[in-house]
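After this come two complexes, each holding chain A, first together with chain B and then together with chain C.
Entry: the complex of A and B
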């Protein structure tokens, strides 16, 4: 009796079980790709002309020129760093009350809704768009950048802090409440010790993000190293641009490692 | 000791503040509420008729994000396998190199990549796609290699015990384990890329940002308002899609 079993083993599908849906998705993806790739129009003569520039850029990156524009670079770097630090401090200070207010288990309903909507607005608007508006309102320079980063920090820290407060161990809050503690005492003795390590970790992480962002918002006029980078690129001074990019990469890497290390130490 | 630390922090803050506001023109700052009211009065109501000229850039924006994500995935997947300590072919040479590429591409924002690529390739959607792709490499690569390192070693050993070749170990032992997180990471990055591609046009890399830039330069605030509303709508929709997909996968 010959076996009715198939002799060839076929791999079972891994994600989507329904065969029809799989085929429909694949066809849809191919159609989309054809349509999307069709919209790319490449000006090849421009690209070939640009290749020479690309070579100069790579050369500039390999032989960065820190000296000629050092004044611009150091000014921009100083602005970026001071902007990063002050905006993180102010942003965290503002986001603590907002984060507490946005936690469902400690705040009354009205406060909760107000704080959540502040967080939602701050998270929905990208830094660049906020920066454009602040530059239009407060004039060019680091102050607009400071406000932008502060605004973005509020949404980030506020949301994560609120979620953290909602996730705390209720037993400890219960114990403090049972002693007849007021709301302020509850926050101070039950909530704060539980979320403090994470808050410090988040602030350090945000410091790191704020530096990266400060390199970008300069492009729209909000000061910092991004402004210097934009200037050097529009002057086609690729060796200065290479130097600036190397500085940014070095600082970001340093910030990432040291903040990771500090976060481990805080835990 | 703790107090000294706090004092140092406060001193650093004050010094930074002084340094930062050295070149601030305070007259502008105090005038900001008036300026804000002025802009708001000009920006309302948004110019809805401008919408018909926004559909094409919006489609470009979505294409930049999607194609950029796909290209980024194509480059990030091999890198992730090279960088993960349990799948890397050479621990001494390729792993550090892959890790360096991942960190370096992650630390440069896509707007800066776009700035560079526009000056090399010329303005247009191609520069945007490449900028998004380069920025995505680091993000997807990092999360994916961490997922690969967290795979269950027993399944890999079971596959190895059947006498599978290296390639078979990858496809039957490791890939099925990381596939759900791979899809999750990709959709998450796509969601972020939609946000980022909306502003790439500011530096000339195509998409709706270009319209934003020209409207800003003309001080056409009703158009700016409409574009920002469109960007917000797109971001909300993409966030909803990515949340749905991730929910379905995980």
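Entry: the complex of A and C
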């Protein structure tokens, strides 16, 4: 037998060293959770009524009615798809210069701050809030939806593109800089090839987010399939609503599958 | 001709990477720059084309003083300074041809470079350079489809496409195997001879440096501690640059490497003759 090495080993605590504090925090969290749940006021009669409604809803889902409201549905769908596609294209086009400007390693400090603020504003405001604002400005309909989704796309693509540019392999940029290239040439030769596949991937991803969002913002009046869904729900036409939801699910799945495939292809 | 006078670089962190470095490189001379990691070799060659801004000192390339230049002037000077990098630093997703043509970026306008419509002379020259480094048939491949040695050849072709007056070479062989390293060094030196190009090769491998350069500059903690012919690298000098080490054993190991390479060659020739 060799010298007495310990035979018991425990993983040392990673975040909080003091044992007392660790236990106090855990107990505190549980107590808070219990108290918080206690304050939620549940109206049981209302829940039971809701269950009944849910039953009808599920029944409507099981027998979706595509035909009765087909004109509304197909108009809403076309509007949503148009809105999705145009807002993604315009949004990505605007977010490319903003994303480049928001990358610390290629933009001067002043430009960087301006672009970061634009992105921060776009990301701080949730789509529904923006939609309510644009509906108030430009009235009900797809134009408000288009503006909302474009606005949201700028924050999303701009931020992720900027982060991607900050993560590039600097050696390649250095090599291009050493040839005497100008700033635009540097972007075109050293940055673009490195970030292009991911930019395409993100744009496709945003396309399917925008479609889903178009259904949501329709509810506050920004047109599209969401408006049709809202109408059918408020008319208690659950089988039409079921049909709309099924169509949304089908389109999102299709977009998901095809964008995954395309992303693999552009590597 | 390149003249460096009193070049000093102090980083923002307060680290002094170079202290008062001065030397001259005449036309056609291949200088091996050696020294331990962190001695400032990389900083020195980057201060020449201002990828790193020097704190003070002069860098005179054919009597133009680089540290004094404004952006547009600097770009014009940079295009005459070819640079070859440690990990090749090719733009991986561009084709081999685009990488070579990127050496012309300082000479053509944005639209030409954006549309990849380079002047006929540039294109012909790029093909000639690819042929020179033995990669003519790979022109349309993506750079990341090539092996390490091939990529470094593309890096060399890119630097030469600039029609340089000076080559700055940063650890050209650090990620290559011993045999490929020798081939790459041989190619670089041959090209410098062909064109009468001065070159500064920043290199870890003392034996390679001795074998392939006309002159050695030893850097230690940002100062030049040796400047002389490769034959002047005695054990005492190496100890001064790197610290205590068994230099004889290292040289013997290197000699064995060289022998093995020669044997390989003989073997290959024998096989060719047998065919």
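Definition applied: the second predicted complex is superposed on the first by the 246 of 267 C-alpha atoms of A that agree within 3 Å, B and C clash if a C-alpha of one lies under 4 Å from a C-alpha of the other, contacts with A are read in each partner's own complex, and residues count from 1 in each chain.
Quick note on the criterion: a residue touches a chain if its C-beta (ideal position, glycine included) is under 8 Å from a C-beta of that chain, and two chains touch if they have at least 3 such contacts.
Just so you know, these numbers come straight off a predicted model, no measurement behind them.
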*After lining both complexes up on chain A, report clash or fit for chain B versus chain C.*
fit
*Does the superposition put A:179 against chain B (first), chain C (second), both, or neither?*
second
_Taking the superposition on A as described, I'd like to know which of chain B and chain C A:28 touches: first, second, both or neither._
neither
*Which of chain B and chain C A:215 touches, first, second, both or neither*: first
*Check the residue A:97 against both partner chains and state whether it touches chain B (first), chain C (second), both, or neither.*
neither
*Partner chain(s) touched by A:196 [first = chain B, second = chain C, both, neither]*: second
*In the superposed arrangement, which partner chain does A:188 touch: chain B (first), chain C (second), both, or neither?*
second
*Which holds for A:108: it touches chain B only (first), chain C only (second), both, or neither?*
neither
*asked:* If you tally the residues of chain A touched by each partner, is the higher count for chain B or for chain C?
replied: B
*Thinking of the overlay built on chain A, is A:171 touched by chain B (first), by chain C (second), by both, or by neither?*
second
*asked:* With the superposition applied, I'd like the minimum CA-CA separation between chain B and chain C in Å.
replied: 14
_Complex interface listing, chain A residues touching chain B_ = 14-15, 32, 36-37, 39-43, 46-47, 50-51, 53-54, 57, 78-79, 81-83, 85-86, 89, 124-126, 128-129, 132-133, 136-139, 141-143, 146, 212-213, 215-216, 219-220, 226, 229-230, 233, 236, 241, 245, 248-249, 252-253, 256
*Contact footprint of chain C on chain A as seen in their complex*: 169, 171-172, 174-182, 184-185, 188-190, 193-194, 196-197
*Complex contacts: residues of chain C adjacent to chain A*: 49, 51, 75-81, 83, 85-87, 89-94, 98, 102-107, 110, 113-114, 155, 158, 162, 168
*So in the complex, which bits of chain B are touching chain A?*
9, 12-13, 16-17, 19-21, 23-25, 28-29, 32, 35-36, 39, 59-60, 63, 66-67, 103-104, 107-109, 111-112, 115-116, 119-122, 124-126, 129, 176, 179-180, 183, 195-196, 198-199, 202-203, 212, 216, 228, 231-232, 235-236, 249
